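In the two complexes below, chain A is the common chain; its partner is chain B in one and chain C in the other.
Entry: the complex of A and B
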């Protein structure tokens, strides 16, 4: 039996407990411990992905209790891919966390690192677990960490965190209730076991209620329009270091749970024939894509613009899932990876800007492209990728989503994807115009310098990563995502 | 619904009532503490639902006893264990939420959502 599946969340959890101890000895040790734990998790995730592609799924029986009685951790192509996205993006976010937290939240430096690691442990646990209730426990570990991290931000942050907590806990509670229905209907919590026992009782009203509850729960957690109300304030008022950690991966893991439950635990046909959940998700997502983009155009604050853009971008993932065909799912999964890199890069830039100028208004950006050339070069790459200009990665996920929409023959979805690219262009070109075409203010002309190397490095790495993901997209799709997607729909 | 049906489904009726009351508290009330009370009521209703599912009429405690040979004679212990975990989660959530309300009150001097949103708007 291989230990790799459990070795992904374990180093993060261990580091989360070691960080406060290290902080008592010397503050300088804290980032080292945090990065070591996160790097170990990322290394095991990459190792796991390679092994899964070569040898097939890896199973780990926690405490040596065989499933379905014991809790099982599973690395299959889907969870291995997600684990790599979560841990690698998480690692880069932690690299950025140190300089940004030291500047913005110096008195929460140690605890901030510890809670950030708990958040990553929760998210990676959600990805690898094969047990429905264990998923809830990891979900709440991640969510509670996120509420706490958001709350250490600006003056308004605790209010934003409280609203996030109420809606997030409502989502968590709906999920437990849904899992309760499934448990009493099937007598099991192991996903593979539940999947087998569910097939003959799809018509049961308890099962349908469970499906609806879990769908609403995860729609809340992934901020699927119109359940996105917690997101804009939370992302805007969170410390920059936290926004750079939460925004890229948090909502995607909730989307992963939807994929796991509705294409794995249930057969894909269930959520179409017995209750039209997948079509509902796809229509809401199509609405959310447009709504988020339009709202982003209206914002004056760079962070709030990026937050509304997240509402729109997570809806792409929902749309790809809701289309219920392999091409759409490929687009959704590719977009999970692409958008994780893009949004991390963009929020890092917003944080660096705040570090140097203390302001994140879009109108204050005039001339900044020349003062912080490298930072905003990274921003430009990410922005072009968000709009969908090849060879940046964002183009390719939209391409597969578009192919998926054409395959189901839904003109509205095609229109939504194309229109949102146009809207993305509108709000990013407004920023780019300010950055490069307008002259800067007079008095701070000389004072604003390039971001410090510790913040610039992860930002540039992500920008390069966006291009690499774009260039390698055919490899990722044919080697990993296409087998995942066709595997999930073949059953 | 006749009386027999009602008593058979009594727990479900109470659970549903509590869920609705909790949801109303969370969404309908303007005071943050009342929202939190709503959340707690909502979560407690779910605990009740799980515990009810564990009941085995005439069943005994889930410790092996030679006089009770079949599984159907024991109460199902798993929902109890799950709910112990869920209670821990709920306590942690309440703790974080109370800490947040303290921070909010210190900064804004109110816990009324309408007043808070006004004062937040003034700040930004």
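Entry: the complex of A and C
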């Protein structure tokens, strides 16, 4: 038996408890502990992924209690892929966390790190667990950490966090209610076990109610339009370090839960034939793609623009899932990784900008492209990727989603994907125009330095990562995502 | 066609990407920076030229890099069609680079580093388009070209430039979207995305599907090709510095559009499928309308560059017309016109730029008597104008001659009439400029004062090229043979 599945959340959890202790000794130790824990988690995730590809799924029985009674942690290609995305992006976010938090939230430096680690532990736990109730526990760990982290932001942050808390708790309650229904219906909480016992009772009302509850819960958590209301404020007013941590991965894990439950625990046909949940998700997502982009165009604040862009981008994932075909799912999963990198990069840039100038208004950006050349070079790469310009990663998400939409023959989805790419261009080029083309240098003699190396390095790394993900997407798709997707739909 | 593995096509693409990096790094030392541009241009041309022998020898050099989507590799193949486009673009880049240095320096333009770097990336994309072995590779470079051109369009940073940039993006990205959809569609129905003479679409494809697919493709590549009604970004883009208008908006970008159309019709559809789609006549009609309308609109422009832009729109549609008629002569003429029009139009833009750099005049009505001051420039302008109007023995005559033959072979005499009328219209909007320059008197231009030799020499060389192409269409670069070979390979397979 291998321990790898549990070794992904464990170091994060451990580090979360060690950080306050380290903080008591010396503040300088805090980032070191946090990064060590996060790096260990990422290393185990990568190791696990390699092992899974080579040898097949890894199972771990927590406390040696055999499932279905005991809690089981599973690394299969899907969870291993997600674990890598969460922990690697999380690691980079923590690297960025230190300088940004020291500047923006100096008095919450230690607790900020601890809670950030808890958040990552919760997210990675959600990914590796094979138990529906255990997933709820991790979901709450992650969510509570997120509310707390958002709340330490700007003046408006507590209100944003409160709204997030209300809607998020609603989501959490729906989820646990749904799981309760499933438990009543099947007498089990282990995903594989529940899957087996569910098949004969798909027509049961309790099961259908459970499915609806879980779907709504996760739609709330992933901010799927029109349940996105908590997101724009939360991302806008959170500290930059926090936005750079939450925005790339938090909603993706909720999307992962949807995939896990509706393509894994339930057979895909259930959420289409018994109750049309997947089609509903896909249509809402198509609407959300357009809505988010249009709202992004209307924003004057860079962070708020990025927040609405997230509403649109997470809907890409929803669309790929809702299409209910392998190519769509490949597009969705690839976009999870791509968008994690892109959005992290973009929020890092917004944070660096705030660090240097204190302002994040789009109209204040004139000429900044030359004052912070590296930071905004990274921004440009990420922005072009968001628009879907090859060979950046975003192009390939679009490509697979488009192939999926063509396969199901839905012209509306095709139109939404293509139109969104134009709308993305509209709001990103507005920024790029300000950055580079507008003359801001002449009368404005103010000198703004490039972001400090500690912030610049992770940003640039992500920008390079976006290009690498794009060029190597075929490797990811053939080795990991295609087997996952065709496996899930074959049943 | 025997395939040979060669890294030169890849190097030809990469050399200017590398140069773009070096240009940015050396931005503080202008002479060194421009050195990289020139070195990259010469190297690129050398690499492309070195492939010519292989292609003429019946071989297809190429390289397959790695998969960018399962089963679809990023791959380059050099065939007759590709190398003919790559040769013209890379040859003219050398001259444009020299010209750019003269132009940008004599006007003291800002952001020259960005300008030269973007230019280099554009040329990488263009060669990538020319050598792309499959549709996905093609679209990757096609979209890169769209983005790399944008900084050049908005170069001046004025509200007008920004507005033009927005217009440019809306048109080009919409076209890119249509193209992407078309490529994804082909991926769903065809066994491969690799370009093959005679097409790759399965024989069972229905006529409606073919027609829809062709519409998407025509929108996708037609935007860059300035096919009406998708053309209006092109006159707007004239706000860019003149070397950009000269190389990109007369040669590389817009020709990437017509080149793409040739790829799609000849190597994705094939003549049979094109016939079955029933779209030949509509597209040909669109092209004919574009030819006439653009010429009429050109007459209405007082701004010299805008007049040339409308002229470009018209001439691009000559090529579009030749391609969609799918007769051997029409293809010969159309493909040869890619090269001849490139030489002639770049000359005209070079002249316009030289005039602007020297006198800051942009409008034709202000050019009375300028022939006295800049006789070489305006002389070159006159020669190229004759060529565009199709006067023998210039290159323009030859391509038009074959195009005319093509219209007859396709039994479309109305289109022949369009070509003839268009020739007259060309004369009507270009000759008056020459007339004003040499035969109207004004007191403002008296002394002989040409622009910098960095600008005058390139424009003389392109003039020579325009003339040479008419008299020796096959000298040095075998452009005519290449056009001929493409026409045969595409149409023989299809017609049998």
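Basically, the second predicted complex is superposed on the first by the 486 of 491 C-alpha atoms of A that agree within 3 Å, B and C clash if a C-alpha of one lies under 4 Å from a C-alpha of the other, contacts with A are read in each partner's own complex, and residues count from 1 in each chain.
The criterion applied here is as follows: contacts are C-beta pairs under 8 Å (C-beta built on N, C-alpha and C of every residue); 3 or more make two chains touch, one makes a residue touch a chain.
It should be emphasised that the depicted structure is a prediction, and the values quoted were computed from it without experimental measurement.
> Counting only touches as set out at the top, which of chain B and chain C does A:471 meet: first, second, both, neither?
Touch partner of A:471: chain C, not chain B.
> Which partner does A:166 contact after superposing on A: first (chain B), second (chain C), both, neither?
first
> Would you check which partner chain A:391 touches, where first means chain B only, second means chain C only, and both and neither mean what they say?
In the superposed model, A:391 contacts chain C only, not chain B.
> Looking at the overlay, does A:92 come into contact with chain B only (first), chain C only (second), both, or neither?
neither
> Determine, for the superposed model, which of the two partners chain B and chain C contacts more residues of chain A.
The partner with more contacted residues on chain A is C.
> Touch check for A:144: first (chain B), second (chain C), both, or neither?
It touches chain B, and chain C stays clear.
> With the two complexes superposed on chain A, say which partner A:414 touches: chain B (first), chain C (second), both, or neither.
In the superposition, A:414 touches chain C alone.
> Under the definition above, what is the set of chain C residues touching chain A in their complex?
Those residues of chain C that touch chain A are 66-70, 72, 74, 114, 139-140, 143-144, 146-147, 150-151, 154, 157, 161-162, 165-166, 169-170, 173-174, 177-178, 180-181, 184-185, 187-188.
> Inside the complex, what are the residues of chain A that reach chain B?
Per the touch definition, chain A meets chain B at residues 133, 136-137, 140, 144, 147-148, 151, 155-156, 158-159, 161-162, 165-166, 169-170, 172-173, 176-177, 180, 183-184, 301.
> Spell out the residues on chain A that touch chain C in their complex, using ranges where they run on.
Going by the criterion above, the answer is residues 384, 387, 389-391, 395-396, 398-400, 402-403, 406-407, 414, 418, 421-422, 425, 429, 433, 436-439, 471-475, 477-478, 482.
> With touch defined as at the start, can you tell me which chain B residues reach chain A in the complex?
Those residues of chain B that touch chain A are 19, 23, 26, 32, 35-36, 39, 42-43, 46, 49-50, 53, 78-79, 82, 85-86, 89, 92-93, 96-97, 99-101, 103-104, 107-108, 116, 120, 123-124.
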